[in-house]
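Per-chain residue numbering starts at 1, and chain names A, B and C are given in the order in which the chains are listed.
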Amino acid sequence: MEETKFEINGLEDFAVREHRSLWIDAWRRLVANRTAMVGLIVVVLFLLSATFAHFFWDYEPKIDLDYGAKLLPPQLIATEEVDIHLFGTDKLGRDIFRRTIHGGWNSLRVGLVAVSISLLVGGILGLLAGFFESIHMNFWESFILMTLLGFALGMLPAWIARQFFQAILFALLGAGSVVFDRYLNGKKKHRLYIFPALGAMLAALPGLMVGPMVALVCGVVGLLIGLLLSKPVGGELFSNIVMRIMDIILSFPSYLLAIAIVAFLGPGLEKGMIAIGVVGIPVYARLARSAVMSVTQKEYVLASHAVGESHSRMLFRHVLPNILSPIIVQATMGLANAILSAAALGFLGLGAIPPEPEWGAMLGDSYKYLSSGAWWAVLFPGLAIMLSVLGFNLLGDGLRDALDPKIRL
Amino acid sequence: MGRYILRRLLSVIPTLIGVTLVIFLFQRLIPGDPAVAMLGERATEENIARIREQFGLDRPSFLDRDALAEGDLAGFFDSQYSRYFGRLMRFDLGESIHRRIPVAETLKERFPATLELSLLSMSIALLIGIPAGIASASKRNTALDGVTMVGSLIGVSMPIFWLGIMEIMLFSVFLKWLPTGGRLPTGVEIQSITNLLLLDSLLTGNFAGFVAALKHIILPAVALATIPAAIITRMTRSSMLDVLQEDYIRTATAKGLSLKVVLFRHALKNAFLPVITIIGLQAGSLLAGAVLTETIFSWPGIGKWVYDSILGRDYPIVQGVTLLIAIIFLFVNLVVDLSYAILDPRISLE
Amino acid sequence: MDGLIKLENLRTRFHTEDGVVNAVNGVSYEMAQGEVLGVVGESGCGKSVHALSIMRLIQIPPGEIYDGKIWFDGRDLLTLDEKEIRQVRGRDIAMVFQDPMSSLNPVYTVGFQIVEALTLHTDLNRKAAKEKAAELLSLVGIPEPKKRLDNYPHQFSGGMRQRAMIAMALSCEPKLLIADEPTTALDVTIQAQIVDLVIRLKEELGMAVMWITHDLGIVAEMAHKINVMYAGYIIERGSAQDIFKRTKHPYTMGLLGSLPKIDEAPGTKLFSIPGLPPDLVRLPKGCPFFARCAYRKEQCKTEMPPLEEAEHESHIVACWRWREIQAGEIQ
């Protein structure tokens, strides 16, 4: 007895050590990768300059104006008339270097917020979808899901007949389906008769109080709902619904959807963040789902399931640590993408509102006087976008190689 | 084969309905009364009511439960959405709010411009991306591979609007070699057959027209091709690397086949499968990237049009173009699946 | 019998992240025409790598054949240029691999893949090659060969795929067929069929066969000579009689000791020598079997024993103590 216990402890220790050394190995591989280190340096520089500028270098975009110094080319040495302008000035005489550095803060903010939105919403949805798709639900999970499903579906006849209690009736029907399956060992054939009939009755009888047509329509709807509820669905249904919605989001090209969302919300940096975040949701959902499914197929997870470990414990102990590395890689690349999209929105005039220093918006108003030959006004903000995006991409690429040497993209 | 296509087509329908729902909801959620938007702020109550009725704006969004309560089953289903859907079935995308021209009509006019630009960009992307990916994979860990990988990463990181501006700056403003925008210079006419100018000018033997059209299209096409080219390069490389590890590649080499034959006959066909998926996805983002590119180069396609319409809050246009793009995207993915099935004998078509 | 191929001090290594993997460490032997050679040893002892080195199929980098000579037809295969070695591959030396599931290209028909080998090394035109391919398929015992030519690999069963691989390997009537564990992935009855098939074909075509395997039973049945490999070395070599009846090396004894009894199914897990083979990145200075050997002494730790003759010319062994063990002086 004592001995077996000891062995198990030893094994666990081993697993933990294994895990830790995996991360250390990954870090070593990352450091050995030259391009990844270039990426890391660019990213760190970008982070530092953006934060330092924001906190220690005052800048008031609303009063930054100097018509006297309009459209000056880069000026490396101060003369009597003009100050140093490393990157030149724009059409309002604003120092482009200063605005570019401060613009970094906005890009950073957009990137972080947008990725957080996508990651949180998409990650959680994908996690749940993948988890419930591959692991059987226990009684209570299935009970809750079916009750909610019944309620949601019941809203339709309830709305049609203006009788809210119908939704509750259908919630009960959903719960009943689970109980029927579990405790009454209901036969499939019986279920197929009982539940549609019950559903039709639950909807049609109250509907009669409103009118015969209402009763008819509600009856048909109730019948269909009953049919749906007759088999207590597992997690596949949840997963299917989530992934289908993701498909729909994905069938709009990403820029266009972001533009459309901003058009609806109105311009502004914060709106841009939300739009970009929403557009990114499906990527994380898919990633998380497939990562979860691949983890839950592994023997040790199946074993822990067989032993009866609770689902939340499994999620935290086995699944989360294992899907961390693809998520880290994707989030790094996602930051790059978010910065790029935010700049695109800014450029189109749908992102940051003008005096605010934002790289895309700076490009957007400089390119209108392109013919004057003021190349510096477009070169530097664009370069800033490209370099920071490149930095995150290089880093993400290196992270992928470091964290999972098998996958290459 | 026919069965497979049919099944695949049917599976698109739920997604398509979802897409129309989203687009419809999008319009409903936009603040403000569309009738007021159409007539302007100073419209009379009467006029507004007339317009609302004419466009069915007085109907409920999805289902009319009041009609049902009165026993009117047809009325129950007669809603804004069902009308919208019915119009879509008749290819009626509505009218531009500002210009009162049917959206479908302008679409017919403008879509070829975007199509031409996208096709050219995709061709450029494929012509660069696939050879670069193959070369990079077969010379793994050499200088060539390194340059290709860094280059493609720069490509992926490229803000194409900036690239477009820099192109204009260099080739139009400083060097004055190429025009800054538009599709054709004034005075040049190309007889329209397909409305793809490059093709039409060739078909009609209009060489001057071809050169003029090419000069206009080349900068936007290159800008638009950058990201797909980079992504295709990376995907081709990684897919090739995977395939080159396979046992059947060793079998092929053990037969005594040359490296060239092994690469191009045995590896490429297998490696191409995942690349096709990526190409399909890129086709969608090309259409979206067109919004940026067309805006910069004043290209008279649907990208610039939809952008202008968003700014002008001309929603029927936005809805129509978005729907079109989503449908094209779904369709391209269908083609991708089909070509998968054709290229990979393991996928049975029955 | 005339000499067919002669290996002299072949050494192959791999440069990996964890260091240099010394996979083959000076292998020398000779094969006669029409000879059947069995190569046995635990997993990871360099059997496949040494065979791939003969055909120059080692990927460079990370691999490197850094020493030795392989004499074949009066030429050293290791000095041939790309074009010349391609002439040898498939025509003079052909190979059948372990996993028939992944060894055929899934996007081409079986017929195409056989015809490809035929048109490459013979002057048959496509049509004639196709007929020859059908003949080959029927030779390896695939029914309805004409129809089967147009099948894709996934339409074949595992055993049929391996037959097709053999047909492909035999297509140009090679002088040497290297079979690298061709039956490991197949189930038992099919294994026996494949072995019989190769023995039959060998008789008919008169080629030499190198049979790499874990399964000593198969080798005992068919091999003229057996190489026992360990950690990239040949540690004992001799006729089947020598190896099975007059075993010299403790490692070989270990292998034989773990031979399955008659009533067990062949092909099941065989080896049960305690411990693990040495890490090929940090090979010990002395005998590689030292750590697991029951008869070890101090000398074994510091000096690698040379291959020396035991009893007669063609039975050689690399062990300091084989004489003492033989004489029963130590237990």
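Just so we're on the same page, a contact is a pair of C-beta atoms (placed from the backbone, for glycine too) under 8 Å apart; a residue touches a chain by one contact, two chains touch by 3 or more.
Predicted model, so just to flag it, every value in this text is computed and none were measured.
**Q** Chain adjacency by touch: line, ring, star, complete or other shape?
**A** Shape of the chain contacts: a line, open at both ends.
**Q** By number of C-beta pairs in contact, which chain pair leads?
**A** A-B
**Q** Taking each chain's centre as the mean position of its Cα atoms, how many Å separate chain A from chain B?
**A** So the centroids are 24 Å from each other.
**Q** Taking each chain's centre as its mean C-alpha position, how far apart are chain B and chain C in Å?
**A** Chain centres of chain B and chain C, defined by C-alpha means, are spaced 55 Å apart.
**Q** CA centre of chain A versus CA centre of chain C: separation in Å?
**A** 53
**Q** Taking the touch rule as given, give the residues of chain A at its contact with chain B in the complex, in rising order.
**A** Interface residues on the chain A side: 35, 159-162, 210-214, 216-217, 244-245, 247-248, 251-256, 259-260, 263-264, 336, 340, 343-344, 347-350, 360, 363, 367, 370-371, 373, 375, 378-379, 381-382, 385-386, 389-390, 393-394, 397, 408-409.
**Q** Per the contact definition, I'd like the list of chain C residues that touch chain B in the complex.
**A** Residues 55, 57, 61, 82, 86-91, 94-95, 97, 99, 102-108, 116-117, 120-121, 152, 154, 165, 168.
**Q** In their complex, what parts of chain B are in touch with chain A?
**A** Residues in contact with chain A: 14-15, 18-19, 22, 26, 29-30, 63, 65, 68-73, 76, 149-150, 153-154, 156-159, 161-163, 165-166, 168-169, 173-174, 180, 234-235, 237-238, 241-242, 284-285, 287-289, 291-292, 295-296, 306-307, 310-311, 313, 318, 322, 325-326, 329-330.
**Q** Taking the touch rule as given, give the residues of chain B at its contact with chain C in the complex, in rising order.
**A** Within the complex, chain B touches chain C at residues 141, 246-248, 250-259, 266, 269-270, 343-346.
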